[in-house]
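One chain, subunit A, appears in both complexes that follow, with subunit B as partner in the first and subunit C in the second.
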Partner chain A sequence: MDSQRSDDGKGYLVLVALMGAALVAWWWLPSVSVAPNRIVPGTGFSAGQVAGWPMALLASLPLLLTGWVALRAGQQRLSWLLGLVMLCLVGWPLWLLLATVQLVDPQLPQARVAIGAGMWLTLFLLLLALIELSTRMKLAAWRSWLLFLLPVAVLAACIPVGLDRLALWQEYQGRSDDFITAIGVHLLLVAATVVLSLMIGVGIALFVRRVPAMQRTVFSILNFLQTIPSLALFGLLLGPLAWLASHYAWLESLGVSGIGWAPALLALVAYSLLPMVRNTLVALEGVDEGVIEAARGMGMSRRQILQQVRLPLALPVLIEGIRITTVQAIGLTAVAALIGAGGLGRFIFQGLGQAATDLVLLGALPILIMALVADALLAGMARKLQPGLSPGAGT
Partner chain B sequence: MNERHGAPWLAPLCWGILLVGGCLLMRFLEAPLRLVEPDSRAVVFERVDLLTLLGRHLLVVSVAALLSVVVGVVAAIAVTREKGRDFLPLVAQVASMGQTFPPVAVLALAVPVLGFGTVPIIVALMLYGLLPVVRNTLAGIEGIDPAVREAARGMGMTSRQILRQVELPLASPVIVAGIRTSVTINIATAALGATVGASNLGEPIIAGIVNGNTAYIVQGAVLIALLALTVDSLFGWLAPGHTG
Partner chain C sequence: MIELIGVSKRFGDSLAVNNISLKVASGEFCCLVGTSGCGKSTTLRMINRLIEHSDGEIHIDQQPIRSFREEVLRRRIGYAIQSTGLFPHWTVARNIGLVPRLLKWSQAAVDARVEELMALLRLDMAEFAGKYPHQLSGGQAQRVGVARALAADPDILLMDEPFGALDPITRENLQLELRDLQARLGKTIVFVTHDMDEALRLADHLVVMHEGQVVQQGHPLELLREPANEFVTSLLGGEDRGLKEAALLPVSERMVPLGVGGVARDRIVQTASLRDALSMMLWRRVERLAVVDDEDIPIGELSFRRLVGARGHE
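And now, the complex of A and B:
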């Protein structure tokens, strides 16, 4: 790679580096690990051991080709590169299928294949390449999501043909009902948190605007809450709520107790208030005074101005606050599983307790995906609503 | 948190004294703890000395924070230089996307790869703590008015001088805000490490949740909260003005 400063002469360094790293991971780290049942730790197989080295070489050809094109053609052939990276991504589940067919003894009903460090790292680097290319090509967000769905679809198609031996899938099979319930509980808690904190947050923000003297105090309290670690806050709420439930029968009949959804929801809302109030305030104060003047000049009342001018103009920044809150709540709800609130965190902590990696993944992967999807959706919504206004304060 | 005028060191000092005092004197607080948990035999967590737990917690967090600050700032500087600019869009994109990853999920994913114990937690905390540092360093350096850089160059400064005397000082408030976010998240996430076998202030909480002993939970929770407040007010004293 001669590093001439003119853009057309040099190799596409980022992609060359990513593909180089992917090749190293592919060849040197274990590709998959196979275990005869759930309890026995698996044995790792490198790419060459899966189906002989010629096959492994064949499988790594797309990676090599991508790196080579990136080196030779530089950034001239972005769409070629995108196609090649997609080829690698589609090949990824196929390799997993090949490894399963090759290595799993069909006589053992409990035998399972777990994805090894090499394949995880390769996948991670390929996704980075995908992100890099779609940023570079300025693809619309939904297009990159569509691209991402293709390998997922291939993976799903591989499951009935033999990939049902994937350890992650086996863990899912063992608790498919639980899984659906957990996702439902998780989403419900997040939704309740967002709605409640939105209502309370907007209320506090409006109050603080009326009484500016309170602003400092309110923010001090909210900041203070945010500083307390989630585990500690969940823990601290156990005692008071248990006490309340034992002293007031009607609370207990509502399902309130020291463990479960009640302390979880309280803590989640407490955490969500800071970003919500901050963004609502920024949103309301960010509206141009001239616009308000004009509205007043048209004879609008205070209430009308708030409802018809301020709130609509403030909406994108408000949605930004909802985005931050939602993403944060999705993660914190996982911790709430420790105090018996259910949700996907339960699988994480169960899996950690049993040292069952794939059970941990069964909990963690959907949480990651949920967070990313919520982030993308709400960010897209904020962008759509107000192209002119710059987004407000972040976290 | 903006501290009051006058004695900005007062807040960290007070929280710190409460924290250490709490660790040392917890066993004399049996009576109030008994109120919380009247039924259990033991109400004071005595399996491990609380001060030891605090020390371990601080060790893990500070090692991870130190690593992520060094790596993060260096990486962010590298991709804003002429030679590393190719990597800038990817690094910026990953740093902002990574912020959406919940800390629990990151910790949970790190354990299968790295194993149980202290080292994996340090690695997980470091990786996660990198993101705010990188993002804020990038924002700080990129946010500098190009005219300022031009002026520095016009004065005959070399690239290295511009970095050290212009860019870093101007970007430092934003960088420090990133470090503050990173450390605050790390203190909380390290406590979660107790669920994966790390011994720190999260341990009494987990022990309390498992045994149904609220008094244990209260001890752990209060101490972690005090630690978080001490560190946060320390940042408020040393680098005022910026809150995340």
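And now, the complex of A and C:
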């Protein structure tokens, strides 16, 4: 009985730790940095320096309260905790707004505010807390998405009322058309990579199943492709593609050349083949042989067995392969910007060249978000497609 | 009718099935029995060409099985296996309707057939049609497996240890139902099992296999009374053979017409087995039983002496 009680009384340690770390980051790391223009490095301001320490204390109260509730009530008050974490997340852009109003001199049109390490870390820890809570509370996927969207909406609402001085926003403003195009190109390259490597990968996997003797050869080629550094592969493709384009007019008219989308797509597909083929093979071979045996015994043809039994049963694992490939391609496409393929990688490399951290972020943040969204969507899809509509059920 | 003539199967250097000949008449219930690895399952799977035989000939209704396309042959032959092999991503109804759909029946005909089969195997349509295999108990899944095998109304049914994974009670129920089903539908059944009791309960024609060869075949009673060698004797249970034989014989076989001595107090139905009668005598500590018909009307009597088969007058 006693041990039972002490168990109940135990704090919700994960959340306590997250909030503790967030508080440390909040107080000790620079909250924002302010620069008079794009060239000059910014000056860091801690939370206390933004609007005086009483204000900073007030702003950190939600964090403190969340930690305290987690410590005292443990996991009994999950919805309270969720509400408090949401309060912190909604307060985050408001604090940024406050800092902008307080610190930016309206007389300087080029002056800007950059988000500091303290705020980034706090945001990261708060998002972890949100993920932890929504998993623990078994929230439906769309509900947790809505929760994530709420702080984004608040942030967007703050931009016209003063947050347009945010460095990230200033970088975006300077190239908003470019930004939209870059996202489009990035998505297009990723989609083309995934579709092509899926088609080729499934083809190779089916071939290897028919001709097991080729398995070793195929995998050593794919492994080899995977080990070439991405830049080197782009470089290697430069020569052959330039030659092809100069000898075949129709290829040139398609836009194929030594640099640009063509070598990028080729290299991306080459990298994607290994995870795709391997997962497809594992998926197809993971199907219960008893079921296949029964299908043969019932008089299904090879094609019918593949289409009606093997593929549908392999689908969840197959989608797992697509997920891995997609997330990998989203990241690799950034590198493709180096050979003129466009995409969000352009901002990253421009930003690195100009030592403009916020330009790098303008490229990197959407890539990060794309990867997370693709990951979550495909993982959800794989779960939905479990045989018999029930996750993990055996036969 | 199924006929195997001098059939062998080689896997590489090893001979899994060695020159066996076997005839299964139409409407016969044939059980292949033997220890694991004796080639019984291989033999079964050669009949629907899941395994191709290396030598000899296999005929179905006088036609060599290789004169059919594999898929066409298999759609004519029902097939049920131990793990049921039900498709986990299909509902019960869709599983059962598989072969009719492969044969391009109309949707209405498939639906009607599924309903008919579910009634035949006592699976409640409303409850089970939409369920997935993992939601079924072992016995229910096996009923679905049998229904699926019967779906296109094949003349021949091949069953590979279909009840192997079930608990004893479910198993016995399904055996009785299968026996009953076969009596009604008149299918030719080839049934593989390693369980001799199961084989004795089901078979009209018992085939004992050992190391790829047929050791002995015939009616179960023949094998019980005259086992060909030590192996068959031990497989049949050695000293237990008396009880096994008694289990196969109905009371009506040994009863005598009602005498003048009055009807005995303890009654047994004429269709019960001699084993049941013996058990009743032991349990009730009596030496005489009244034999009754289905309506509980006495039609004869059975004494202990008659039961054990002693000749002459009492």
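We adopt the following convention: the second predicted complex is superposed on the first by the 373 of 395 C-alpha atoms of A that agree within 3 Å, B and C clash if a C-alpha of one lies under 4 Å from a C-alpha of the other, contacts with A are read in each partner's own complex, and residues count from 1 in each chain.
Everything that follows uses one rule, which is that contacts are C-beta pairs under 8 Å (C-beta built on N, C-alpha and C of every residue); 3 or more make two chains touch, one makes a residue touch a chain.
Note that this is a predicted model, so its numbers are computed, not measured.
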Inset, instruction - In the overlay, answer first, second, both or neither for which of subunit B and subunit C A:G345 touches. - result: first
Inset, instruction - Based on the superposed arrangement, let me know which partner A:I180 touches: subunit B (first), subunit C (second), both, or neither? - result: neither
Inset, instruction - Examine A:V309 and indicate which partner it touches, taking first as subunit B and second as subunit C; both and neither are also allowed. - result: second
Inset, instruction - Mind working out whether A:G363 is in touch with subunit B, subunit C, both or neither, as first, second, both or neither? - result: first
Inset, instruction - Specify the partner with more touching residues on subunit A, choosing between subunit B and subunit C. - result: B
Inset, instruction - Look at A:A157 in the shared chain and tell me whether it touches subunit B only, subunit C only, both, or neither; answer first, second, both or neither. - result: neither
Inset, instruction - Examine A:L146 and indicate which partner it touches, taking first as subunit B and second as subunit C; both and neither are also allowed. - result: neither
Inset, instruction - For A:G297, decide between first (touching subunit B), second (touching subunit C), both and neither. - result: second
Legend entry - subunit B and subunit C footprints on subunit A, overlapping residues: 395
Legend entry - subunit B to subunit A touching residues, read off their complex: 1-2, 36, 83, 86-87, 89-90, 93-94, 97, 99-105, 108-109, 111-113, 116, 181, 184, 187-188, 191-192, 195-196, 202, 205-206, 208-209, 214, 217-218, 220-222, 224-225, 228-229, 232, 243-244
Inset, instruction - Would you pull the subunit A residues touching subunit C in the complex into a rising list? - result: 288, 290-291, 293-301, 304, 309, 312-313, 387-390, 393-395
Inset, instruction - Show which residues of subunit A lie in contact with subunit B when the two form their complex. - result: 3, 12-14, 117, 120, 128, 131-132, 135-136, 216, 220, 223-224, 227-233, 235-236, 238-239, 242, 258, 327, 330-332, 334-335, 338-339, 345, 348-349, 351-352, 355, 357, 360-361, 363-364, 367-368, 371-372, 375, 395
Inset, instruction - Enumerate the contact residues on subunit C facing subunit A in the complex. - result: 48, 50, 70-76, 79, 81-89, 98-99, 102, 132-135, 148, 158
